[in-house]
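The letters A, B, C and D name the chains in turn, as written, and every chain counts its residues from 1.
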Amino acid sequence: MKRIQDFNVISYTWLNDDNYIITLGSETDIECVEPGNFAEIKVPNSPDVFLRRPISILDVDHQNNTIKFYIKAIGKGTRQLGNLDINSSLNIVYPLGNSFSVIKKKRALIVGGGSGIAPFILLASKLKDENTEVTFLIGGRTSGDVFLTDEFGRYGEVLVTTEDGSLGEKGMVTQHSVFSRTMDFDLIYTCGPDPMMKAVANIASEKGIDCEASLENMMACGIGACLCCVTPTIRGNECVCTEGPVFNSKDLVW
Amino acid sequence: MVNLNVNIAGLKLKNPVTTASGTFGFGEEFEDFIDLNKLGGIFVKGLTLYNREGNDYPRMAETPSGMLNAVGLQNKGIDYFINTIYPKIKKWDTQIFPNINGSVVEDYIAVAEKLNDVEGIEGLELNISCPNVKEGGMAFGVSCPSAIAVTKAVREVYDKTIIVKLSPNVTDITEIAKGVEGAGADGVSLINTLLGMAIDANTRKPILSTITGGLSGPAIKPVAIRMVWQVYNAVKIPIVGIGGIMNATDAIEFMLAGSTAIQVGTANFIDPQISVKIVDGLEDYCTQNRITEISDLIGGMIS
Amino acid sequence: MVNLNVNIAGLKLKNPVTTASGTFGFGEEFEDFIDLNKLGGIFVKGLTLYNREGNDYPRMAETPSGMLNAVGLQNKGIDYFINTIYPKIKKWDTQIFPNINGSVVEDYIAVAEKLNDVEGIEGLELNISCPNVKEGGMAFGVSCPSAIAVTKAVREVYDKTIIVKLSPNVTDITEIAKGVEGAGADGVSLINTLLGMAIDANTRKPILSTITGGLSGPAIKPVAIRMVWQVYNAVKIPIVGIGGIMNATDAIEFMLAGSTAIQVGTANFIDPQISVKIVDGLEDYCTQNRITEISDLIGGMIS
Amino acid sequence: MKRIQDFNVISYTWLNDDNYIITLGSETDIECVEPGNFAEIKVPNSPDVFLRRPISILDVDHQNNTIKFYIKAIGKGTRQLGNLDINSSLNIVYPLGNSFSVIKKKRALIVGGGSGIAPFILLASKLKDENTEVTFLIGGRTSGDVFLTDEFGRYGEVLVTTEDGSLGEKGMVTQHSVFSRTMDFDLIYTCGPDPMMKAVANIASEKGIDCEASLENMMACGIGACLCCVTPTIRGNECVCTEGPVFNSKDLVW
């Protein structure tokens, strides 16, 4: 069930100047979260930020009632969320949106870039529970843009590309040698910048592999009430916040 | 004990708090957050005769204390509403008001005719103020003759309560309000969104696919309150006040200016529970101020 | 090197940043905070033929991302300006634009005639959009024939640059803009304040002595940008964009929408140095975006 | 000269739940301040507060570059100003407005109530420098509303009235017995709620004593640029922020 809940800021982990993980705690239970779900976070003490901000759920801990987000500070809201006092309170509406399909006893490729890697920790852990073998392919401009590889390593092989070659193979994710190998994946998951996802979806379709992409969009409500966040699909305009954020790339008109 | 009932041309609302069209879906979207039976009414998402895909994305831009939208009346058409949606939402003990739209007068008539026969729906909101569609929409609401014409046409085919939703993008809103009053409207609701626009200085492109869109939220509250007060002094029919209402105090201000009921719009996005919180807040205000009938507040500004 | 010069009908401004009438006094008030020589221009406080006491207090109400004012053109009259104030402020190397007002056309003519002979003043702003006076004011600006009439009358007696300040409280601002263009205006400035109102829920009284007042600040920015863009597509004369400009990014957006110059208004109250900071910010933007002539940005929105 | 300057929050002293003294420090020198001057304070991190807030200057310390304000939390801005992190930064425009006349080698009565007592510490210290003898009369609803009496005590006799009689004489300030004594004061200064100031001004005028009142008003700019803050005087509408806040009560039309 969707819920509006108050949390306290427990801690920050800064990955570099702009990227951080924020951990929130609550007195009450945390709702069950599926991989791909997101939250609408109210940014406190920020005169410039009027609407909530949609952020994927990185991880939840039902034992300790904590929830984590991985955020890239790109504007006023995401910056202010990285600048709160420990223990200060924060209001979130969650869990929102649909989720990735969790396939059983298969092989999956997960391709992410930028803040698009956030949903993949939860996804990988569910896939592992279902005995699906996971390969990660994470891209960034430089080695400084590639995060969470250690965490991903706990769930499968981690491949990296950087545009400057400072980590892993040099080039864009879609230029990685994994795509020239036998592509015996049953499903490709992707989340990140639109051009990256499109390129990945194209390769998937060429190779006849299903591909699920998690989209972003400008959102007002996050719960399907305003119809602001549509993306064109073969079925017409659909809301990224409710019919998405995860779409089968075959259905997308992009 | 406070009596929160208000009355729109004979139609009783259990309290003055309703939700604004296009900001509350069909109500269902809020079921997880609030008890919908507590609302005075729900103005559902704008409906048209046939399915509409609405505008391309991006449809939304954040602005200082507000937002622009360019949804463009995306909906599955009136038949889908009547046959599929309404049966699911009629269980709630609250008034459901369809918000109807058209490109030409005939569309409005067709939609109103269909609604006339729906049991349980006691009134409709005639939207002549949507800024986000190329044809019809706001064009009806910014000219007095066309506002009168469409109201008259719908009045002829619709027997229950008609609330005409007015556009703020006009020189003199009282003229339009008087026009639709004369044409048979039972009430007016105001304001719809102000026509606005946003540009991204980095890309140098407009943020919305439609370039212009509708401005809502607290930014427009002072304009809305002014218009409610002007219309209150110009017509006798009840007013449903809309525009940037974020809390019970705002709702009180709209009632003092002359609103019989109010609609909560953009605030639903920021706090999905806000509509019910406002109901509670109105009751508290009345208790604190020893008001036993909330309707005594309507137009109660002391000037 | 960035060339920040812009040109309003032959009148050169050293940069597009000017200050809005009524929000910057006569400039002197800001002398302690900034170097006034850095501004493109100063539109001084609204002037009338004779001394005016303005409205009773309270004259101000804070609103979400904005404020309402009901000053009502308090000033000591045009002669006092010409004889006492202008001699003190003409030392600055910036364009000084008097903002002129009247209750009847004859008032405007009389004020314009007096200004025509003042050496150093190269242009005036003809305010037909003040919402805070009982007679004249906005009434001139919300009707096309009267906007044309007053512009024509002033044109006949005034030889230098006339910028007509338009009211946003109209159904179609392009119609008025085209009218005053035809009547001889050299430029238009927009927008003046939106008519708004605020009520105190505790006292149940209007906050302003005049009940309604003029809404300014970032809240109105989306409406202002929309109107600038509409007018840009309707007339050939230059536009001075106004409304909620708080920083250089906002100023860029107004230029992209079609403004040749911009006015900074309410922002001066929040940061008395903001006007000069915006000049610097414009230069930075141009440098970063490899723009050598800022005038290339005018109407440069990519749509 | 008027100036815009960044300060840091050094400390708070809470007098009760709603009244506090905030001390700010700066790296750079503090401008000279006259008694009665005020500052326009930008309220940080407050989405609801758009304009600056005018607050009288309580005290300045030029040795340590600190400035103090006495604030009564009555609304969103004054509440938020009481809720800032120590060391967080705050921007103020000051010194603004005119000031009280500082008379020499005379006798002065200072009548204050509520947050209106703020300008009187600076005033009393200047009067003392000029060998003027000061009597304070401070009013409140109850003893819990009467503040700074110890500080005032350093400069002269402190008389108190409370409406419930819980401290000093019972009644309104204007009912205090000092007014039935020989009123050999040369000047009365007053600041506080309008009705109080009017009553004090009436007594002063009856007794033929000059009276200076410091007014409040809704302000936007604080520097005479907007003409929003006028008060009617015998010379016409005058700005409280520049022609005031201190007016000779004879000039006021109230």
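As a convention for this text, contacts are C-beta pairs under 8 Å (C-beta built on N, C-alpha and C of every residue); 3 or more make two chains touch, one makes a residue touch a chain.
Note that the structure is a prediction, hence the values are computed from the model and not measured.
With centres defined by CA atoms alone, the chain at the far end from chain D is A.
Counting C-beta pairs in contact, the chain pair with the highest total is B-C. Chain centres here are Cα means. That of chain C falls 36 Å from that of chain D. Centroids built from CA atoms put chain D at 55 Å from chain A. Measuring from the averaged C-alpha position of chain B to that of chain D gives a distance of 47 Å.
Each of residues 61, 63-66, 217 in chain C touches at least two other chains.
Those residues of chain A in touch with two or more other chains are numbered 49-50. In terms of which chains touch, the assembly is arranged as a closed ring, every chain touching its two neighbours and no others.
Listed by chain label, the pairs that touch are A-B, A-D, B-C, C-D.
Only residues 22-25, 29-30, 32-33, 45, 53-54, 56-67, 69, 71, 74, 217, 266, 268-273 of chain B touch chain A when the two sit together in their complex.
Here chain D touches chain C in the complex through residues 1-4, 42, 48-52, 93, 217-232, 236-237, going by the rule given at the top. Only residues 61, 63-66, 68, 142-143, 169-172, 194-199, 201, 203-206, 211-212, 215, 217-223, 225-226, 229, 244, 249, 252-253, 256-257, 285, 300-303 of chain B touch chain C when the two sit together in their complex. Residues 45-47, 49, 85 of chain D touch chain A in their complex.
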